[in-house]
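One structure coming up, written as structure tokens, with questions to follow.
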Amino acid sequence: MLQSTEVFREKPPRLVTPVVQLRASEPIASREATKPCIVANYLSAFFGKTAAVKDVSISIPQNAVTAIIGPSGCGKSTLLRCFNRMHETVPDARVEGDVEILGSSIYGDGSSPIAVRRHVGMVFQRPTPFPTMSIRANVAAGLRVDAKSHATRGATSEIVEEALQRAGLWAEVKDQLDESAMALSGGQQQRLCIARALATRPRVILLDEPTASLDPLSTQKVEELVYDLRKTVTVVIVTHNMQQAARVSDGTAFLLMGELVEFASTRQLFTAPRDPRTESYITGRFG
Amino acid sequence: MARLERVERSVSVKTAGRRHFVSGAMIGVTYLCAVLATLPLLIILWHLIAKGASSISLAFFTHMPRPVGEQGGGMANAIVGTLILIGVASAIGLPVGIGAGLYLAEKKTTPLAQTVRFLADVLNGLPSIVMGIFAWQVLVRPIGHFSALAGGVALGAMMIPLVTRTTEEMLLVVPTSLREAALALGYPKWRTSISVVLRTALAGIVTGALVAVARIAGETAPLLFTALGNQFWSTSIREPIAALPLQIFTYATNAYEELHKLAWAGALVLISIVLVISLAARLATRSRFGAPVD
Amino acid sequence: MTSLPVDWLEKDRRELRVDASAFSDKLYETLTAACALAVPALVIAIALAIFAAAWPAFSKLGLSIITTSDWDVAGGHFGAAPALFGTLVSSAVALIIATPLAIGIAIFLSEFSPLWLRQPVGFLVDLLAAIPSVVYGLWGIFVLIPLLRTYVMPFLRDTLHLGATPFFTGPAYGPSMLAAGVILAIMALPYISSVSREVLMAVPRSQREAALALGATRWEMIRDAVIPYAKSGIIGGIMLGLGRALGETMAVTMVIGNRAEISASLFAPGYTMASLIANEFSEATNDLHLSALMAVGAILFVITLIINAIARWLVWSVSKGRSA
């Protein structure tokens, strides 16, 4: 009779390649992939005494889409929220360690969360358009914070149009800009939120499971637009859907119980993961 | 578990037939209670319309009271007086109530918030005449004469706990994701609270404010020794002022039949306003986010 | 796309006047906290003002205010016992009438009512709370009192032979403790009913189903499984209604007859603390008179404060238990 350890002495066959469809990747030299956008150093995030993110150090490249994957509760959303200082808005939450965005420490002495959030856009899992505002007002909502640089109405209209174009929503809503944002479908509302985040021309956009509540068609539209955005913005996307990560991202980080297990190019992570835990996750042994 | 033992006992002691009869009878009793409990409202409304509708005319709203014995006359001064009192009361009650509501919705369960919430409910239950003598002690006695201001302050103090509670309720309905979205855009905290959360809940808050206004518009006791009432036309807040409920009280307890009719008319006007606002408020908060609130 | 200077954070801070928003945040917090503190401040202010004004009477007359019956302004005696008696009795009568009705309709709405009827009927009952006191009084004077005088009181006294008891004796003039009790019952009904309805609906399905599974009839399920679970909430609702009834002024003043006498009969006119204040306050001549009235107000304040606090605590502890 085989001992239980003997059953697994031989490595199980690789089931990796058929599970995900990888996009043909562009050659590395054509991107400024060398300059990091977000650098986390021994970053830990706590809710009270519990650490949701433990000593994560990661260097996220510019103008690329980086995906963060992992099972539920592994801390990927928490990690994301450390990048725009949203984690600390929860009562009893704190951050240790540091994060630099484009060279500036965002947790340094005297730095203000408000300034950080102005330059880092965020889109959440459920669409959150402001219900009392029109589509135009929603998109421009982030602009109001800094009245000085976007003073004239004309400039605002241009910015609104540009943001809606980048979000792939312009054609659908250009004739109803002054109507309520709640009249849009779920997928449109989410793209509106993306437009709202893009309106301030941030250098970084953080997406926290943006397609989790969307139908497949809207999901596809959002994924396409995320892929296009990488030309101009650094995108970090948290997703529980591995196929999505494979479709959309250039690099993927795998988080497990608050720790960064592996971070590599998407192709490598999904075809030849170095860590056995990564392999277990992506082959579906646990989820 | 003791309760279920009682059930078991009662199940075994009596015969099934008798138990079912008792059950049916008690259910019938509750139906009867339902009928009896809805009757008073309908009966009172019926009487108000029957006795008051005939005296309602344009003259009622535009004419001053006539000396006793003469035909006609209206309650113009009382209606205007009530409006002025509502204005003064709202100027106090609304800002303080909304501000307190904002505080409670944000601080949720801190000891101070819980104390404030508790005391607001207690304040709500205080007899309105106690408010009246408080306002008298503070605003009439030292000054030496009655005034609309004192009446307005008494009513405003009554508004505060009402507006606080409804504002807090409406603010709590706003999903936290909206607040987060605003923060993520770089809004400072105060801006999040006011431009996003308060703005989203505004319709509900306004409704709650209107309900509070309807409630204090009908109050008489706090006005007895503050606004006092005034048989002449007056719009000054430093003088005694007429008010609709006060006028109804004075006419109802008067000997002359003519004045009784006016009292009924005034009561009909008062209750119409109250009912319309209550119904509108109920409908508005029901279909708030697509589902009944109950 | 302009490239950001290396220290984009610092530049942004200056441009955005981010420190200014820190100031605005503080201002906002201070303002809202001040508004919130207005509530306890108001309660304290009311207590202080009334007790300060009542102090001369308390120190001079002491407990005689509520133990003696002689209210003699000229002589300086202020015994408000009839008023206290009237307040308590009228409220008791109101509760005796209103409680079964209120609980009955609460049970109806939470258990038996067809769904489409629930909202409208509940609304109609809740509307009773919106009717101004003076309108109740008006209706009381011209509709209820004649009704009582002509039909109900003779019926109770003669047809039901309740006249043999001390509670239903005497001439049936109309304005009476009974009239006050009935009006107060109608006014307290919505408060008891609304709270009871809420707590009954909050009883978990598992309780009901367990009883039915044991073979209980629907009524037995309610009596033995649902009501005991909701008991403290219902009592809280009753106390809320009691608090309202104790403090009611206008409707009671208009139908109770305003006679300062203690009588066992419900047909006799009576007095309440609230009507006492309402009737005499504006004509109070000397300082002691005024202070005595304030003292009555202070007693009323304390009684309703305690009742409302207990009611609130009972209802709150039920809803807390529900969400736990």
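By written order: A, B and C. Residues from 1 in each chain.
Keep this in mind: a contact is a pair of C-beta atoms (placed from the backbone, for glycine too) under 8 Å apart; a residue touches a chain by one contact, two chains touch by 3 or more.
What you see is a predicted model, and the numbers here were worked out from it, not measured in a lab.
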Chain nearest the overall C-alpha centroid of the shown protein atoms: B
Identity of the chain that, by mean CA position, is farthest from subunit A: C
Inter-centroid spacing, subunit B versus subunit A (mean Cα positions, whole Å): 49
CA centroid of subunit B to CA centroid of subunit C, Å: 14
Rounded Å distance, subunit A centre to subunit C centre (Cα mean): 55
Interface hub residues of subunit C, defined as touching at least two other chains: 21-22
Multi-partner residues of subunit B (at least 2 other chains): 188, 191
Residues of subunit A engaged with two or more neighbouring chains: 114-115, 118, 145-146
Touching residues on subunit B, where the partner in the complex is subunit A: 175, 177-178, 180-188, 191, 196, 199-200, 202
For the subunit B and subunit C complex, residues of the former touching the latter: 3-4, 6-8, 10-11, 19-20, 22-24, 26-27, 29-34, 36-38, 40-44, 47-48, 51, 95-100, 102-104, 106, 112-113, 115-116, 118-131, 133-134, 136-138, 141, 157, 160-161, 164, 188-191, 193-194, 214-215, 217-221, 224-225, 228, 245, 248-249, 252-253, 260, 263-264, 267, 270-271, 274-275, 278-279, 282, 286, 292, 294
Subunit B contact footprint on subunit A (complex, rising order): 84, 86, 89, 114-115, 117-118, 121-122, 124, 126, 128, 130-132, 141-142, 145-146, 193, 196-197, 200
List of subunit C residues in touch with subunit B within their complex: 21-22, 24-25, 27-29, 31-40, 42-43, 45-46, 49-50, 52-53, 100-105, 107-109, 111-113, 118-119, 121-125, 127-128, 130-139, 141-143, 186, 189, 193, 210-211, 214-225, 228-229, 240, 243-244, 246-250, 254, 274, 277-278, 281-282, 293-294, 297, 300-301, 304-305, 307-309, 311-312, 316
